[in-house]
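Each of the two complexes below includes chain A, the first together with chain B, the second together with chain C.
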Partner chain A sequence: MKQTLSVMVVNQTGVLARVAGLFSRRGFNIESLSVSTTEDKNISRMTIVVDGDEGTIEQVMKQLHKLIEVIKINNLTGTSYVDRGMALFKVAAGAAERAEVMQVVTIFRANIVDFCPNSLIIEATGSESKIAAIEEALRPFGIKEVVRTGEIAMARGIKAGSKKGGDAK
Partner chain B sequence: MKQTLSVMVVNQTGVLARVAGLFSRRGFNIESLSVSTTEDKNISRMTIVVDGDEGTIEQVMKQLHKLIEVIKINNLTGTSYVDRGMALFKVAAGAAERAEVMQVVTIFRANIVDFCPNSLIIEATGSESKIAAIEEALRPFGIKEVVRTGEIAMARGIKAGSKKGGDAK
Partner chain C sequence: MRTGAQALIEGLKQQGAEVVFGIPGGAVLAIYDELSHAEIKHILTRSEQGAAHAAAGYAKASGRVGVCLTSSGPGATNLVTGLANAYMDSIPLVAITGQVPRAMVGTDAFQEVDITGITQPITKHNYLVTNADDIPRIIAEAFYIAGTGRKGPVLVDIPSDVANSLCHKEAPAELDLPGYKPNYKGHPAQIRLAASALSKAQKPLIYAGGGVISAQASAELLALAEAGGIPVVTSLMGKGAIKEDNPLCLGMLGIHGLPAANWAAMHCDTLLVLGGRFSDRVMGDRCKFAPEATIIHIDIDPAEIAKNIAVRIPIVGDLREIVKEISAEAKLEPQKDWLVELEEAKDRNILVFGDRRRNDESGEELLDGGAIIDKLTELTEGKAIITTDVGQHQMTAARHYHPAGPGLFISSGGLGTMGFGLPAALGAQIACPEQTVICVTGDGSLQMTLNEMATIKSQKLPVKILLFNNKSLGLVRQLQHTYCDENYFAVDMVGNPNFLMLAMAYGFENLRIEDPGDIEPTLKKALNNGKPTLIDCSIPKDEMILPIVKKGQSLNEMSF
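After this line comes the complex of A and B, so read on.
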């Protein structure tokens, strides 16, 4: 079962290695991971998507809590949250195919972010399934390259989302 | 100096920990990282942004090449590439502020992806500086939470972008 964890950590060297090491020692393959600084430059936020049963993930969360650099962990799985990712697709579209590619872009409310005579780079955001759908739609034109962010997730509403209250540790 | 690396790796347990460990042992703090599967489910692609001088990054790249799970590394720094990230902002906007928040969203071509009576979740994509600008614009309304993806990057054009040719290893 896909589990989505939101982990606040101190932004310092080695934290990512320690967190990733914890998952790998338990045999969990991280499906996607995004880490970036937050509004407080001393704190980073990781969104980690892993496939695993709830019991084992709970064990990993307990281990994570023991890391001194981990400030807060939220398992968003089963709660009401928004999760989205972004992808860039490079499509081999010259003048002949461009109009048709632009139709796909419009339908999926994606954006063209780079233009070359024989290629376009398209930015798409959304759920995993929406990004998979636009990939399918672009495939016939020839996808030369794909880059994806990991998914990021945020609890809906103010109450559930105020993760900075520090009640989890 | 900010360096942007695009690293193709075999999608298996422990790879992220090994890659992250390599950076941390050299004292590099990873500023942002995105990892996700590619069109080939056996291969993941990491976009890593680190702050470091070119010489040391080259050393790290050499070490990365030695990891059997690393398929290909591209240092995009100094080349022509597109780099973008995504952020979600939860803003404490009730009925009174909503119209004004929507103006900011329109100006920055962002999207509202969740609606609650007293909060909105806004999705923004773009360069680091654009995302910083929208954050500034939203701050007066009260930002309750921010999540960012790491940046992802893609070389412009077809020639420079065909990274799957396998010439780097």
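After this line comes the complex of A and C, so read on.
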């Protein structure tokens, strides 16, 4: 089962390599990973989507916590949270198909960000399932290229997610 | 004002480091220059692997953090085996490596290697120092991280120009490590649960791992065991946690364990695991391990809980305190029926300790490794520090040497590193100059790091090498016997040197044990000569470590 972990780490060189290395050497599977700084410049947040059973996820979290730079881990799965990813699709749409493509774009509240005689680039944001849905909707027109970001996620409500020194549980 | 190198040496002194094992080189010139007039003893080993193992032996024998220091590139990569070994066995080490100057990092410069990248999976933490100002803080953090929580190795990589540039800062009064807060206090509710489970147990058993020794919880373990009449088995790393002549001690469990210990693990109804990690060498087939037991697992490392086996009552924290609290909470009464059963089970150990005399074709009695170690236990009263390498001699030592306390049996457990024994003996002898230190080794293992004989000689250390020489890689040979239909391949040590002449060349005394009759006089001679000594024991090739638990079998199913 896919789980979304929000991991606060000390913002230092090498942290990403440590986290990524941990996953590969312990045989855990990363579905996606995104990193960025937070409101505190000393802390970065990694959103990691990982696939595995309960025992595996428990080990992932414990092993992550053993890394000295990992401050706090939140398993968002099963809690109330917002997750978003972004995708760019290059669609081979000429004048004939353009209107129809634009209809899909409107329905999914996506944007056209590049316009050429024979192609369009469409930018879509949303949850993983929404992005999968728009990809399906665009497929008949001929998708030439796709690029997607990893998912980012945030718990709903105020729970002071990025305070230093929180506990692992 | 001082340089980075001066700040480093100052940091080592502040941390109480008295000894550094290492080898100099181009990238650590400034550091060695400072070290030359510091009040820190430097031991020049013959390879960096030796330095890492020696620091580990020192740490195990002294209970302190071991320190090693090497140059960049190959100096650093030679540490890798030693660091991996220390990581697996939770040995506190600080390894300092030189690095090429900052401006050259990433250019494939001479003797450049990404040692922080390489050692990431085998260190508890590591640092690449990019600013001399950070050195005091990083050294303080490195010692703190290495020696607290679940102990382990920490590597600090220092570019040579950082060592040469000025350091303006002091170590902070308090360390700021928001992601590193080892938990020492056991959860009170869990402790109550554990105490209640133990109080109700009719067949309780304690499995003591290496954690008991690193947490210095032997006295607490003994108090609990004796209060409740609870028998104790140990892992290889837990040897010495309890005196093995204690009637409650059943010895080592596991695939090479003693039959009584394995029998107890398979029949207990409550298993209290103290600082053990349920290694595959302990459990045999994990699905069949301790089938009737409610398992209580106490460990300092939360990640050990439920890693290899499901446990009913986990407690994370410092063993010493938790065991004390459990003792106070539990209402224990020796379970007479269980103890009677165990006394009967002890008779099974005769398979290992009984009359094992064998004769060769001409009727001559063959030399038996177990008999040598039995005599060694008797003569030293288990008070000598034994280090071992890895192989048949190690299992013979583990089965037959009965250390009189913690820190007296030093072996490579998790990684199983051949070549560990001799440098570890060197480190242990430096830590404990008054004690007898004996490296029990095999001809395969010894040849992996025998260059450290020179270090031992140079330091005038009276280390004894008890060489079980069967002219083969005996344990591999035994595996080929069992699993490859006796298709012995690449296990004969053709071209072995004459070890007695080798000993002479290194300035060691040399002795030989060929017949059972030689054992006592030769050991006595070696133990009393006060000099580095190699004893070459002619062990028959066909001697096997038996009984054992084969692949996929439970601890109940020991084969002969």
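Observations on the model:
We adopt the following convention: the second predicted complex is superposed on the first by the 159 of 169 C-alpha atoms of A that agree within 3 Å, B and C clash if a C-alpha of one lies under 4 Å from a C-alpha of the other, contacts with A are read in each partner's own complex, and residues count from 1 in each chain.
Quick note on the criterion: contacts are C-beta pairs under 8 Å (C-beta built on N, C-alpha and C of every residue); 3 or more make two chains touch, one makes a residue touch a chain.
Quantities reported herein were computed from a predicted structural model and do not represent experimental measurements.
Applying the stated contact rule after C-alpha superposition, one finds that A:21 touches each of chain B and chain C.
Look at A:154: by the touch rule set out above, it reaches chain B but stays clear of chain C. By the touch criterion defined above, A:67 reaches chain C but does not reach chain B. In the superposition on chain A, A:125 contacts chain B only, with no contact to chain C. Shared-chain residue A:36: touches chain B; no touch with chain C.
Look at A:9: by the touch rule set out above, it reaches chain C but stays clear of chain B.
The partner of chain A that touches more of its residues, comparing chain B with chain C, is B. Applying the stated contact rule after C-alpha superposition, one finds that A:47 touches chain B and leaves chain C untouched. Contacts of A:58 after superposition on the shared chain: chain C is touched, whereas chain B is not.
Overlaid on A, the two complexes show chain B and chain C touching the same residues of chain A, namely 14, 17, 21, 164.
Against chain A, in their complex, chain B makes its touches with residues 6, 11-14, 16-17, 20-21, 23-24, 27-39, 45, 47, 82, 84-88, 90, 92, 111, 113-114, 116, 118-119, 121, 123, 125, 135, 143-158, 161-164.
The touching residues of chain A, counted against chain C in their complex, run 9-10, 14, 17-18, 21-22, 25, 55, 58-59, 62-63, 65-71, 164-165, 168. Across the interface of their complex, chain A is touched by residues 116-117, 120-121, 124-125, 128, 145, 177-181, 301-303, 305-307 of chain C.
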